[in-house]
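Each of the two complexes below includes chain A, the first together with chain B, the second together with chain C.
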Partner chain A sequence: MELTVDRRWDLVDRIAKETVEVGVYRPSLKDALADVTVRPATGIPVAIAVIYGFWMFFCEFAGTLFTDGFFVKIFDGHWLPWLQEVFPFGLGNWFYELMVDAGHMENGVLVASDNCFEAFGVLTSGLFIAIGVVLPAIIAFYLILGLLEDMGYLPRLAVLVDTVLHKIGLHGYAIVPTFLSLGCNVPGVSATRSLETRKQRFMMITLLGVFIPCGAQIGMMQDLIPAQIGWVFLTLLVGYLGVGWILNKVWPGGESPEILMDVPPYQMPTWGNIGRKLWIRVSGFFKVAVPFVLLGCVIVGILYLTGAMDHIANALEPLLTNVFGVPSDTVAPLVAGFLRKDLAVGMLEPIEMTTFQLFTSVVLLCIYFPCLATFALMIKELNWKEILGCLATLVVVVFIFGGILHGIGTIGGWY
Partner chain B sequence: MNKILLMGQPNVGKSVLFNRLAGARAIESNYPGTTVDYTKGHLMLDGKSVEIIDVPGTFSLDPKDRAEEVAVKMLEGEKDAVVVCVIDASKVERGLYLTLEVIEKGYPVIVALNMWDVAKGGNIKINAPRLEQILGVPVVPTVATRGEGLRELVVRIREAEPVEIEEILNSVGGNRSGTYS
Partner chain C sequence: MDNATKFGSIYFAVLGIAALAFGIAEFVVMGMYGTEGTAWGPLDISGLFLPWRAIILIGAGLMYLSSVTNFADIRQLAKAVAASIMVWIVAGMSFWGMIAGSIPGGEDGPWFSSPADFAAAYSYPYMPAIFLLPFSLVIIYFILRRRRVTVGRE
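Coming up: the complex of A and B.
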């Protein structure tokens, strides 16, 4: 026999009456802390402090301590010169170019590179990007994310941003997929399953795919343009909220319903769990991302060697230079970006352009297309109409953002 | 018994329990909706390896989102599974609702009263033996994060049996016995 909803609740009540005794509750330090972090007057400053602290740790730990202080020295000072010495064939050979160093022309002479950004071989740039820059970034990000997750801070943040996100048709809980996406878009997109309506899921997935850079990409951006990265985030945030607002108006599916969300009590994180999660996520990165970075290097290398890249660059030059105001050389990173965004950002470094063009390219790389892994999951999670909607949004956003940035650059005289 | 399903509301610690029982690696966090797809692992029971599945959290068997749909489909697809209903001991009523639903569907059930420490800290007393008497299924207090009660939970899984809801309706409000712990 199955009970009706009312009769079942009635039975629950009767069972509870007999078995549960709720004593006097004594508020503890945890409750005080919980109060401080959700009340807007104190919660917003706390949230800003938490995010700022998160960012500083990310920059200092990943960027300064490991990448600059350790890996740059190892890769540029020892690994690259050593490979240049012992690897057979030498400069000018196609295999050497693919694996170690493509070199560059100086006064008509092919010269060897002196750093791993410019060499562009699988064993040099590929490994440097994957291990020297992205790995420390991933570790730093997931260490702090794990702490925030286990304490139970994220639901509090969700409560705080609920009002703002409701204006764009999303629920405060959207902060969870967004935060996860800042590590990697793939688990971020999966996490949208907790949202209630199809419309919310579609909007959230679109916004994540278009505007949220992943941890690997952020690590590279921080390494490449530390002074401008704040502007990149601001541009993306404006897009996230603005496009969200528009999508909410134009996409059918009605208003966003109120979801009741549990805010769990704060818990003391255990190092065991944080360590285990960090390990699962970092080893996942190694298994999936590193091969893709190296594969990306090979594919781009082959496109260059066969001259295909030049054809693509020539074909897209009018679009890139006239509409977006960036050099046609950025086509190579845009191609690589389909596979790995971190690799793509790294490929911008050797291209000659102004700081503003570099900034524009970094923003375009973020929004022009999600990486393949994310796109594959999007196809799984959305129906064809939603995928078309997502792609249409993407194209419109790229042209509007690229055009506006080009306009701003022209007015500012930054070319 | 060929499969064990871990079911319960979001954020009651199913993934923690799962990792402890199966020695597996599901991501654990302190917010609802950490698990949106199921994770499988294995547990040694009486020298035999039994599949154990960490099911996404759900408030009821009437799904409200995609993650809950996964949970309900999982349950419907495993007709001869034993269900470990994980209840947050500080919010027993809500967990009982889902537990009753699962019992009504005819599944053998065992209840893990998890977060026993949180309930105690909140000065909530639960009479587990009496609850066991009323439901007619094993009820085991656990603190999954510290591994407390897990051995008893595993040992008693084989006591899980289907119960008729009428029996529960009859035994509730009956003779009071057992002690508050």
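Coming up: the complex of A and C.
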């Protein structure tokens, strides 16, 4: 049977009358609150408050309560002295130096270290960084991240930053890989699969690898330079947006497509879900991180013992001191940074330098190369042309940032 | 406009002015003393994150103030709720800092603080947001009242 146009519309009307309920939309408080958190005028202050809360919880939990409150005492006051007493061979033996304490020279005499940052053995610095600093930092970070995810705040943050991220060729949802990378770059790089185009994925992976420090590294930075960490983040944010904008202009692949995003309603998080997610993320992170931290200690220790580190430091000294304005001793953290950035930041602590040099070194460590685990995943996710593009970006960024910071330090007289 | 709504408008206007004044005071203190700040009686305006706290309190104050016209409207109430959440975050993190600092016994001390040191960690001076906290809790009454009205309507 064939229907005329009029009869078809009559049929549509009849079905609509029977199935569609017409009424006045009354938003609930949850709906209205959701609206408040995505409108820039009200959403930006709320976002600042949320990020402030995130950061304060992170610092107090990881720094004040666990690392400074208990772990420093456990490792420096008990673990290190106990190992120095019971471990065979003693100071001056290569195996002891590798595993427990490399010691340091005082008036021409080799003396034992009195803290785990300086000892630089696998069982002292390695375990202290992995358990004493990184573990509380990672727990704090993933706990709050899980809470924000389950409440439904992250998609709203994505809507809020959509306009800004569109200017650099990404869309608001790119905030999710960015946030994940603040915990660990590996899941962050994996999360870029949700982005639409090849160009967006390349840009996002490059920006994550260069400008986003992981939670472990942030924990170490907070421990090492608490007063300057805001400036480190500001420098990285400028780089993230600036380099993103340039990559969007120069890398072929067209414009960023518009997407329609479903924003779920706010909901009460369930502690069971948050606990499960926290466990999966923390245990996954540790399976990747701890072996690399310990391996990093071994490699750096061997390089020191064989004298290879001195040769590398001598070779790179003109570059480090003349271009970046940092001491040649920072070459050891740069080598360790290939394996673990948190370990590398920890290695800066015993090196004698000014606050500004320390700040520059931390920024350079953040941007000079992604850690090995992230780089392995980047090779898997990108093609060779994109890898080369990423590495070229990295080299250019390191020289530009290092040079600019050196210039600022010289003008400011901070050396 | 019923009496509760009228009360809400006036109450949150006053709270908004107070939050705004505290935020501006934090900026003024920062301008004078830097993040070292100063303590004035029971009030402590100091700390590394002083500028951020000032921005948040100013934001909360402005949101309270913009919520008071037509306070009966759910969208306006939501602004006051969001402003209160911002105050709760700042005050809550200040409390959390006190808790985290009060448990360990210090670098050369015992593992845990003595009861006296533990209690001393909670004594004044306090940050401005902590003084705003009890007053911001009044928003819970308006949330519950709204819920009662919505349930009654259904």
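Everything below uses one rule, namely that the second predicted complex is superposed on the first by the 389 of 415 C-alpha atoms of A that agree within 3 Å, B and C clash if a C-alpha of one lies under 4 Å from a C-alpha of the other, contacts with A are read in each partner's own complex, and residues count from 1 in each chain.
Keep in mind that, in the parts below, a residue touches a chain if its C-beta (ideal position, glycine included) is under 8 Å from a C-beta of that chain, and two chains touch if they have at least 3 such contacts.
Predicted model, so just to flag it, every value in this text is computed and none were measured.
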Given the touch rule stated above, what does A:V86 touch, chain B (first), chain C (second), both, or neither? neither
Partner with the higher number of touched chain A residues, chain C or chain B: B
What is the contact status of A:V20 with respect to chain B (first) and chain C (second): first, second, both, or neither? first
Going by the contact rule set out at the top, does A:D35 touch chain B (first), chain C (second), both, or neither? second
Taking the superposition on A as described, I'd like to know which of chain B and chain C A:M261 touches: first, second, both or neither. first
After superposition on the shared chain, which partner residues are touched by A:V250: those of chain B (first), chain C (second), both, or neither? neither
Once the shared chain is lined up, is A:M105 touching chain B (first), chain C (second), both, or neither of them? neither
Mind sorting out which residues of chain A both chain B and chain C touch, each in its own complex? 26, 28
Quick one: in the complex, what on chain A touches chain B? 1-3, 8-9, 11-16, 18-26, 28, 146, 149-152, 154-155, 173, 176, 190-191, 193-196, 201, 261-262, 264-267, 270, 273, 276-277, 280-281
How about chain B: which of its residues touch chain A in the complex? 10-11, 16, 19, 25, 27-34, 36-37, 56, 64-67, 70, 92-93, 96-97, 100-101, 104-105, 118, 121-128, 130-131, 134-135, 145, 164-166, 168-169, 172-173, 176, 180
The chain A residues in contact with chain C across the complex are 26-29, 32-33, 35-37, 42, 44-46, 48-50, 52-53, 55-57, 60-61, 64-65, 68-70, 72-73, 226-227, 230
Given the complex with chain A, which residues does chain C contribute to the contact? 48-49, 52-53, 55-56, 59-60, 62-63, 74-75, 77-79, 81-82, 85-86, 89-90, 92-93, 96-97, 100-101, 103-104, 107, 111, 143, 146-147, 150
